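Shared between the two complexes below is subunit A, which pairs with subunit B and subunit C, respectively.
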Partner chain A sequence: MVLLKNLQPPTEGVRHEQAETTAVMDGQRLGCGTLYVAETRLSWFDSSGLGFSLEYPSIGLHAISRDVSAYPQEHLYVMVNGKLNSEKAADDDDDDHDGSSDEIRFVPSDKAALESMFSAMCECQALHPDPEDDDSDNDFEGEEYDVEEAEHGHADIPTFYTCDEGLSALTQEGQATLERLEGMLAQSVAQQYHMAGVRTEETKAEFEDGMEVDTAAMEAGQFEDADVEHW
Partner chain B sequence: FKSLVGKDVVVELKNDLSICGTLHSVDQYLNIKLTDISVTDPEKYPHMLSVKNCFIRGSVVRYVQLPADEVDTQLLQDAARKEAMQQKQ
Partner chain C sequence: LVVNSIRERTITENSMVILLQGLQGEVTTVDLRNESTARGRVVNVDAFMNIRLEDVLYRDRRGQLTQLQDLFITGRNIRYVHIPDHMDIMKTIESQLAKIHRVRNFGSEGGGRKEFAKKTK
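Up next, the complex of A and B:
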């Protein structure tokens, strides 16, 4: 048995409202009612005020089914993750072994409305992204995080940037330090030509790395006399 | 993914459902819209027959099977490696 709750239909942010829509849950006809596609959730209520609502994160898939031979009427198919009721868990035979999914079909009397019902649901799904994200797909987000961490850090300028993108993500402090160091490098480079002459390219690469940034800042002045090999 | 729009892909969901279709669009959350979908693996395919358009939420996708000749695997490997390096930091 499906447990229908007496809830209020959503009043705000209703993207689409479809009256005379029959809901079929796992093969069980719930009767004729009104489907509300709201920005907060998806709801359906029959004439007596009983109905159910679905949170968008629980909706795994929705689709328009048009093949009359498969199902007698064109309808909106919705696949829901997880169980709607814990009671059903014991009874249901049709489920997959993994991830339990429930199927709901919304059969509107107006078939032409299926497209707009579908589109409204797509839009609302986009409003409810999943909170858990193992990886950040957006490179943009990744870079922003790094900059934030850099700002919170001490004089420890982000030391890990080896590629070009890293340079652009340096904080203002980092940029200033980089410029200062490059100036100092230019001075010591001139001297190195006299002394070793070979290491210039390597040292420049190391500066980009940023690893040596802090220590180099302090010791660069000392290098006028000392060995180049500290680099 | 955006370069695959218009190509046929197979989306396998976490509940073992496999759907073949033409990639209509994809967004930043990897929500996928497929058109003209059809069955790939009849056993793992519940009675969702002959659906024309479907919207698949990114969180329920387990795999997206791409046609091998559509993807420059070398480029993909390099990009993935680079991103992994950035994320370690």
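Up next, the complex of A and C:
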């Protein structure tokens, strides 16, 4: 975060711009200026061109405050993680440094604009998810996990088998399905027909009666959400 | 309105965030990592655990109370989300999963989102 330097206001991806907005940083009024809620960063500039910007990952929360008993004017409240000024950290002895955070208030002259300012910030904040996730399983490259399989109690079984382990794990139904689908594949290869997204281990009720499935209908209907590009 | 990209739906389906999404409309308390707490009605929880609350009573680290009309907490800053006692956790997870499946299977009836339509070669 840069404080009060000569920066350019953002020109692209500005979701909301609010003029006549006073910025108050840790209780200190910085003057009147314009708030820019852009997709890349949040920034504020006064009429002389001095201002500051915040990166969304550094923002802990933001809120609309209409509680005039807490603060005399309705405003957009932003809490920043860590200390804004590294010099200040030395002076502040009543804050424990682990939970240290700083407050910025944006007080627009037009109070009705607070909802738009807030919503724009929500949208932009959502564009910057935390890369340091505790959950290391978030690496999904478009291939969706089969939740139905997990629900039917096959959670420990991997989605795809090697030939040997797979054949022995098939139920009778599964074996019948495999044979029928292999037959269909053989047919489709002969017809030079390209079928993507087939999950051979899945048993769906509509295939159990042994009917010939119209492959064109299957393509259009069955796997609407499969990410074909990845196959 | 919850924006559901494929990636977000997949993340949601495979983490406990799906339970938090079932909290929509409930009043609950969120404990933040910086020792403050916020109690309000859940408006939205996204796949990254960003939580939006309304009609909030916010208590900062020092115990000072403030009322906030709307509050957006970044997922990264959340330590705990309290699940209301009256909520059936399994049922909530199951119904949230069912909603995701309805979205996914909607396309198979001929309608649905065009961006998932197969490209013909």
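Methods note: the second predicted complex is superposed on the first by the 126 of 231 C-alpha atoms of A that agree within 3 Å, B and C clash if a C-alpha of one lies under 4 Å from a C-alpha of the other, contacts with A are read in each partner's own complex, and residues count from 1 in each chain.
The criterion applied here is as follows: a residue touches a chain if its C-beta (ideal position, glycine included) is under 8 Å from a C-beta of that chain, and two chains touch if they have at least 3 such contacts.
Bear in mind that the values here come from a model prediction, so they are computed numbers and not experimental data.
Trainee: Is A:28 in contact with subunit B, with subunit C, with both, or with neither (first, second, both, neither)?
Mentor: neither
Trainee: Where does A:126 make contact in the superposed view: on subunit B (first), on subunit C (second), on both, or on neither?
Mentor: In the superposition, A:126 contacts both subunit B and subunit C.
Trainee: Counting only touches as set out at the top, which of subunit B and subunit C does A:11 meet: first, second, both, neither?
Mentor: Touch status of A:11: no partner.
Trainee: Tell me which partner A:64 touches in the superposition: subunit B (first), subunit C (second), both or neither.
Mentor: both
Trainee: Mind working out whether A:172 is in touch with subunit B, subunit C, both or neither, as first, second, both or neither?
Mentor: A:172 sits against neither subunit B nor subunit C.
Trainee: Which subunit A residues lie in the overlap of the subunit B contact set and the subunit C contact set?
Mentor: Correct list for subunit A: 57, 59-67, 70-71, 77, 81, 98-101, 118, 121-122, 125-126, 129-130, 132, 135, 137-138, 142.
Trainee: Spell out the part of subunit A that touches subunit C in their complex, as residue ranges.
Mentor: Result: residues 57, 59-67, 70-71, 77, 81, 98-101, 114-115, 118, 121-122, 125-126, 129-130, 132, 135, 137-138, 140, 142, 144-145, 147-148, 151, 194, 196, 219-228 of subunit A touch subunit C.
Trainee: If you look only at subunit B, which of its residues touch subunit A in the complex?
Mentor: Within the complex, subunit B contacts subunit A at residues 13-17, 27-31, 33, 37, 44, 46-60, 82-83, 86-87, 89.
Trainee: Any idea which subunit C residues touch subunit A in the complex?
Mentor: 3, 6-7, 9-11, 13-15, 32-35, 38, 46-48, 50, 52, 56, 58, 61, 65-77, 97, 100-101, 104-110, 112-113, 116-119, 121
Trainee: Write out the stretch or stretches of subunit A touching subunit B in their complex.
Mentor: 57, 59-67, 69-71, 77, 79, 81, 94, 96-101, 103, 118, 121-122, 125-126, 129-130, 132, 135-139, 142-143, 146, 158, 160-161, 163, 165
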